[in-house]
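Everything below concerns the one structure shown next.
Chain naming follows the written order as A, B and C, and within any one chain the residues start at number 1.
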Amino acid sequence: MNSLHARRRLRLGLRLGAAAAITLFFLFPVYWMFMISLKTPDEIYSYPPKWVPGQFQVGNYGVLFKDGDATAVWHSLLVAGGSTLIAMFLGTICAYSLARFKTGGEHLANWIISQRMVPPIAVVFPIFLLYVWFGWVDTYVGVILLYTAFNLPYVIWMMRGYILDIPAALEESALVDGCTRWQVIWKVVFPMCRAGLFATAIFTFVFAWNEFLFALVLTRTEVVTYTVQVTHYFGGQSNFWAKISAMSVLGTLPIFIVVAFMQRYLVRGISLGAVKG
Amino acid sequence: MAHAAAPRQAGFADRNFKYFLVGPSILVLLLIGIFPLVYLLVVSFQGITMTETDTGFVGLRNFAHLFHDQRLWEALLHTVIFTAIALPIELVLGLAMAQLFLDRMPGRAVFVALLVLPVVVSPIVSGATWSLMFDNRFGPINQILGWIAGHEMPLLWTINPHLVYPSIIAAEIWQWTPFMFLLLLAALANVDKSQLEAAAIDGASYWRTFFKIVLPAIWPVMAVAILIRGLDLFRLFDIIWALTSGGPGTMTETLSIFTYVKGFQQFETSYTAAVALLIIVLLSVVVFAALRRVALAR
Amino acid sequence: MADLKITGLQKYYGPVHAVRGVDLEIPAGEFTVLVGQSGCGKSTLLRTVAGLEEADGGTIEIAGEVVNHVLPRDRDIAMVFQNYALYPYMTVFDNIAFGLRARKTPKAEIEPKVRRAAQMLAIEPLLDRYPRQLSGGQLQRVAIGRTVVRNARLYLFDEPLSNLDAQLRDEMRGEIKRLHQELGKTMIYVTHDQIEAMTMADRIVLLREGKIEQAGAPLDLYERPATKYVAGFLGSPSMSFVPARIVTDDGGLAVQLDDGVRLGVPAGRGELLSKRRDQPILMGVRPEHMNRASSGDSRPGLARHTAAIELLQPTGSRTYATFQLGGAQVVAELQAHDVSQPGERVELAIDMNRVVLIDPASERVIA
């Protein structure tokens, strides 16, 4: 009796130890990036590398703000936020149509899913040329439109699953009670799948926020997102680590905050998406 | 309630409401769905390069060139190597982690929340971070190795041909194992407990239970995870761009990087279109085959 | 003018022909129950009337207007769903007020209307609660409250009591009936439970495989069923059927069972059967038509038969005993405190005035 208990406690202890070690391992690079951003250039380029900055200084950030580079984060926010809102709205109503009316049958649904599999690299060039023709290069409209297009399949796929889980009787009751179809969507469907909306929105936002390839190709000077901005500091011979790390932190911190608040939605979002198939 | 007027008949907008809902989405999707494909098809049969702007029909010249392009096939090989190595490691590691965190433990929610972080970091930032960590003089990796080895280890992780692959794979695994972990954790949590209990009573060993009961139960989720990650790895660009830019030379050039270079640095427009079509075809074949296998497995 | 008139209604679900030509007229103020087994088309019929499904053929008229292409919200109907369909993120008050708000009822009118409906259903104290805090019965009352507040022309109920336990169901049956008496509105009620149908309906419409098998007042269907199906559907325990023949016996007619037993047919009924001499017949017997014979009872039409009890099922108010009769199992009704035992031979009196005689080929009731 005693030894079973002791063995259980030992197992738990070992598991906790392993868990802590693994978590530390996965967090280490994040720590390093944050830490570097707080070091002076001397400390960064000191050998052997120090694991804790001698003094916490925010000069690196100051430089970014002074140079106006920090606005890259603002651009990222506009672009990611805008495309997420649009994609969530259009995608959810489309998902509703697919879920309740089976619009377009299997063909439409399959086509939409297949759009998700489109390799960005294959279409980046034609889209770039299209944008040149429309004059959309380096504009907010252009980038937001593109991210919306890339996020739509995911949003539609996820929200369709969530909507199918809502009992149709709720909507039918609203229809009989006097709601138009639009009112049903606003007053019944959206509130009912709120959790799903959040989970999907977070993913969509993070994806747009972290996107690089299209941001690189479709922007020049006006709409530089933070991912592209970071690469501006890569030199041929050496990299401006101070700026790189500070910019990276500036770009990553907002996401960490969002994730921290919406943590339960995120985990549910990942797992539900897969478990639903 | 008086009924002087006849009830309103359903109108055009009412009858076709469902189409109005999907219309805008389809329009937007056409942007990346139809137009680029059409463009690629057209341009790949033309002869546009950096110098030539002739839009005449040149037959299958670009496609023929595909087969002779050594660099292209090397890029494909590199892509396959990355996928073949990183994916299994992510899978096994993710599964092990999921198993570790499956049973209750104090603070598990905190651990899981923290482990989500690598996934939400931009791959560019991830690459930059690892690039920094791999720095031969100022990076902690060499420092730690030095402690273990007893002497200095100024390894050039991002330049040394023998080390570039491990370094990229390390960064990839760091970023995406937690994704596998989260997915598999959910799948493991959904395994029917009564089956496990029955197996325990029957005296099955840990591994037997795992392979015969757990694995088949989580296979659908695992298949989806493999498909998603496999596709992502196929398109690998950001992390490598940040770490090595495809170098040294073209050693770590993946298919995506190759295409980018050809299109945006060498401006081989038509040839790039042919390459892009090749990629789409390859991907479609892989996805189609994978989906059929998954569908059959259900 | 009838409040609801359905003519030749057809409805397909893919290849399944769910409603095959239904004609129905429901006068104002009547409580009509659509009853039948699962898949008979009753819910489909109701939903088509509501406008939630579109008819593939035939017309639906509400108050004289054809509404086939009118949206549900414009048909002036209210509906109660099987699983309540309450919005979990709204209070009871908001749930009930939902329809009023959707139709842009002036704010000042909403509160008194909601309160009145809540009073009618005894849920006023619950107005500030959320659905998750309520029991099944309370939820159903809120769902009904939502319809009552609307003052619609037609009230539709789609198996509203199926999710409740037996005791609650009994209670709610009475509530709904009382509501009908108070409001006087036309109500159409769908259920698979024949007890609900019998107790609540002004008129029963029994559906079978997409068609109306028989429609009429409950007791009409019960005592004068048109077909074997109707006869077997209503009544609990259900009617037993015994194969037999009509034969001449002693100057009159008798029903001869497969084992030779003869049961005399009363003179009055003989006229309807005279053409069926020597032909096979199916005799339908309800438990209440068969009792333990008492010595003093010599009413005409009682046939006597002795058989051994196979099974006894006491319900408290009466006891049901299973016998063999002519090769078939029949159920007879005995007194509650009848102390017979299984295996005991008992003399039964069968009321031949009330048994139902059915043509085996067409399954139509002859007498």
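One rule holds for everything that comes next: a contact is a pair of C-beta atoms (placed from the backbone, for glycine too) under 8 Å apart; a residue touches a chain by one contact, two chains touch by 3 or more.
Quick caveat, the model's predicted, so the values are computed rather than measured.
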| item | value |
| --- | --- |
| Chain of greatest Cα-centre distance to subunit B | C |
| Chain pair with the greatest number of C-beta contact pairs | A-B |
| Chain centre separation (subunit A, subunit C; CA means) in Å | 57 |
| Geometric centre distance via CA averages, subunit B-subunit A, whole Å | 15 |
| Distance from subunit C to subunit B - Cα centre to Cα centre, in angstrom | 60 |
| Touching two or more other chains - residues of subunit C | 71, 75 |
| Per-residue multi-chain contacts in subunit B, two or more chains | 14 |
| Residue numbers of subunit A (touch at least two other chains) | none |
| Contact footprint of subunit C on subunit A as seen in their complex | 167, 169-170, 172-180, 183, 187-188, 191-192 |
| For the subunit B and subunit A complex, residues of the former touching the latter | 14, 17-19, 21-22, 24-26, 28-29, 31-33, 35-37, 39-40, 43, 97, 100-101, 103, 105-108, 111-118, 120-126, 128-133, 137-140, 143, 146, 174, 177-179, 182-183, 185-187, 190, 220-221, 224-225, 231, 234-235, 237-238, 241-242, 255-256, 259-260, 263-264, 269, 272-273, 276-277, 279-280, 283-284, 287 |
| Complex interface listing, subunit C residues touching subunit B | 62-63, 65, 67, 69-71, 74-76, 151, 153 |
| Residues of subunit A touching subunit B in the complex | 12, 15-16, 18-20, 22-23, 26-27, 29-30, 32-33, 36, 44-49, 51, 90-91, 93-94, 96-98, 100-101, 103-104, 108, 111-112, 115, 117-127, 129-130, 145-146, 148-150, 152-153, 156, 181, 206, 209-213, 217, 226-227, 230-231, 234, 239, 241, 244-245, 248, 251-252, 255-256, 259-260, 263, 266-267, 270-272, 274-275, 277 |
| Residues of subunit C touching subunit A in the complex | 50-52, 71-73, 75, 77-79, 81-83, 85-89, 98-99, 102-103, 146, 150, 156 |
